[in-house]
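The two complexes that follow have subunit A in common; it is paired with subunit B in the first and with subunit C in the second.
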Partner chain A sequence: MAAGQYENAGEYIAHHLVNLTYGRLPAGADLCYGGVNETTQWTLAGCASEAASMGFMAFHVDSLMWALGLGLLVMWLFRSAAKKAHAGVPGKFQCAIEMVVEFVADTTKEVFHGKTGAIAPIALTIFVWVFMMNLMKLVPVDLIPFPLELMGVNYQKIAATTDPNVTLGMAAFVLMLVIGFSIKVKGVGFIKELCLTPFHTWYLAPVNLVLEIVGLLSKPISLGLRLFGNMFAGEVIFLLIAALFGAGFIFLPLAAGLQVAWAIFHILVIVLQAFIFMVLTIVYLSMAHEEH
Partner chain B sequence: MIFIAVSIILAAAALGASLGMSNLGSKLLESTARQPELAPSLQTKFFIIAGLVEAIPIIGVGIALVLVFTMA
Partner chain C sequence: MNFNLTFLGQIIAFAIFVWFCAKFVWPPLIGAIEERQKKIAEGLDSADQAAKDLELAQHEAAKKLQEAKHEAAAILDQANRRAAQLVEQGKTDAKEEGERIVSSARAEVDKEVNMAREELRRRVSELTIAGAEKILQTEIDEKKHSELLDKLTAEL
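Up next is the complex of A and B:
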């Protein structure tokens, strides 16, 4: 644990909650070690205040990298299992992949009314991807960031779902799917549905439209924020326990015990939140398919 | 002020979530006793709703910890 170089536990936690940010630093922004930035430039943020002054024009490099890397890893795993699949007695790896696929297919059939079509693959992708990104939280908090820090990379958050950009991005994708499927299934009826519920008269169409759009938007936002909130809160508690290691040798057994206990409890939360994200996606898509 | 805010957050989140969980658990036992053949599907739904209910106190704890350790 690198708690020795921080002044207090708050600083340690705050440091570990900053993403590695690459973005456009505007001219006139304060630099980390005194002085003012003279020309607008694209650069890596050296500290939290630089990342804050980049504002909207910034990429969270670590979130992007870990999310894409884990997504590719999962795709490669599933592909290699599918290519090696045979009708004989399956090996352990094939069995594990088959269990995941069957579990998602059964859940989809149970929740989704009608012909499932492309829904089950979408659900499988979302479930496995969110699960893998959540799983990175079980890696001890300093195992990867600390060696990277020694090599000169200041910030690294390996759990991508603790970044609201990732979870809200996935939720925005779900919103696009909902709108897309609504238009595909109902056509013009979708616009009519937006304008004519809950009050069935054209005079109140603007009121209906406002109400329905709020309803439409609130679903993916709550979806993304729920995942983010759970994962972020869990991460803060992990960091708090890790900060306890720096408090002296007396606290070492307590901190180790707490770390293990919270990690074991978190296995449940990780799977449950990935599962809830998947089920709610299926429910929203199912609602998009229903005619009123 | 922050400590008062944090205690209100934690108290309200714990109260609401525990009431919700107890309600949910009692209804699950009741309906499983009434129709034992539905138990597996009820349990799946129970876990979904338990996850939804549980999210709120955990988010509350997270916000409270951020308030205490980075603002106070």
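Up next is the complex of A and C:
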């Protein structure tokens, strides 16, 4: 599509994988178009290298904006349905919302044995939010970034789940919930559990602790990385196909066919990944409720 | 693809959304769903109950109808019997009455005959006496000859 602006397809793809970054550019960092930054300042990164120099003290404006925007959108949708919810004959909108709610409630009940009090709303939030963020991948890759670029916004990644910060952020919150629920349910028993499994003796407590903490951390990390990996890889393929459109007229039918096929496949993937993220979260939270 | 504050921002956003969902979205929706499920279950139950009641009522109605038919048949039968009986009795009564009339008429006739016979006898005895008077040219003392006369009368 817009590959003409770039020297080659690699550059096109690399450009589309950079987030719009606002952060603290330290003094002494190299600027994009030559020269060195003289004073530490908060600014929008002009290119990938500037964004890299900012390190941890930076925000991905696009990821946060899309994540928040889509989250607010679904929350508003569900809230407006919840406000009008009644036990009589539901309207079409209420029906649609209730289908999602019931699906999540049923899934939660299947996985989590016991009172699903706080788990189900967490699962619902994850499912609809991750789904919406994933859904942005079906928007053609240049539809939104290209007009924004014409207006002077250099970078724009609209699929927030292709940003590891977003997926790992969610996973980190899941980890907090796991620890929180473990302490709430088991109290001191949780610490004991960490120290006494798999080897049931206090002599091996440090070994147990290391093993258990690795196990504890690996769950949310794999959760976040799975979603990120799937979404990122899909995005790269979309970008490759988009680059193929710009490679010449001969490739147009091939590119169009691939685009359609990959998009249809991704309808499955985005729902599935949102579902997996939700189910695994429920599983981890139910494990937090159970004694070993 | 750098690891940065976006991570923390996402954690905070997630926490807020979860809180919002758990507080304002989930309870009313799941409440409405569960209440509707209860309503539907109750509705189905009462529909079943109504169907059962209907069946029972139909049974009852059929039984009543059958009973009524039986009763009607019995009444009809009884009435027929009664009618036949009445007719029979009427016949008997009429016959008896007839016989009675006939016999009383016969008695009347006998009485008349007897009376006529008495009369005749009396006349004959008178005639006889008169004949005898003429023949004898004498008065017959009634008192004297009454015995004889009575004997004669009895002989006639």
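In this section, the second predicted complex is superposed on the first by the 287 of 292 C-alpha atoms of A that agree within 3 Å, B and C clash if a C-alpha of one lies under 4 Å from a C-alpha of the other, contacts with A are read in each partner's own complex, and residues count from 1 in each chain.
Rule of thumb we're sticking to: a contact is a pair of C-beta atoms (placed from the backbone, for glycine too) under 8 Å apart; a residue touches a chain by one contact, two chains touch by 3 or more.
Not measured: the values here are computed from a predicted model.
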| item | value |
| --- | --- |
| Combined model on subunit A where subunit B meets subunit C, clash or fit | fit |
| First, second, both or neither for A:F59, with subunit B first and subunit C second | second |
| Contacts of A:G10 with subunit B and subunit C, given as first, second, both or neither | first |
| Touching partner for A:L168 - first (subunit B), second (subunit C), both, neither | second |
| Partner chain(s) touched by A:N230 [first = subunit B, second = subunit C, both, neither] | first |
| Touching partner for A:N208 - first (subunit B), second (subunit C), both, neither | neither |
| Touched subunit A residues, subunit B compared with subunit C | C |
| Angular separation of subunit B and subunit C about subunit A, which is computed from CA centres of the superposed model and rounded to the nearest 10 ° | 80 |
| Partner chain in contact with A:N134 - subunit B first, subunit C second, else both or neither | neither |
| After superposition on chain A, the shortest CA separation from subunit B to subunit C (Å) | 13 |
| Shared subunit A surface residues [contacts with subunit B and with subunit C] | none |
| Contacting residues of subunit B [partner subunit A, same complex] | 41, 44, 47-48, 50-52, 54-55, 58-63, 65-66, 69-70 |
| Subunit B partner contacts - residues on subunit A that touch it in the complex | 9-10, 13-14, 107, 110, 226, 229-230, 232-234, 236-237, 240, 269, 272-273, 275-276, 279 |
| For the subunit A and subunit C complex, residues of the former touching the latter | 17-19, 21, 23, 51-52, 54-60, 63-64, 67-68, 71, 75, 78-79, 81-83, 85-88, 90, 94, 97-98, 101-102, 105, 118, 120-122, 124-125, 129, 163-166, 168-170, 172-173, 176 |
| Subunit A partner contacts - residues on subunit C that touch it in the complex | 1-11, 13-15, 17-18, 20-22, 24-33, 35-36, 39 |
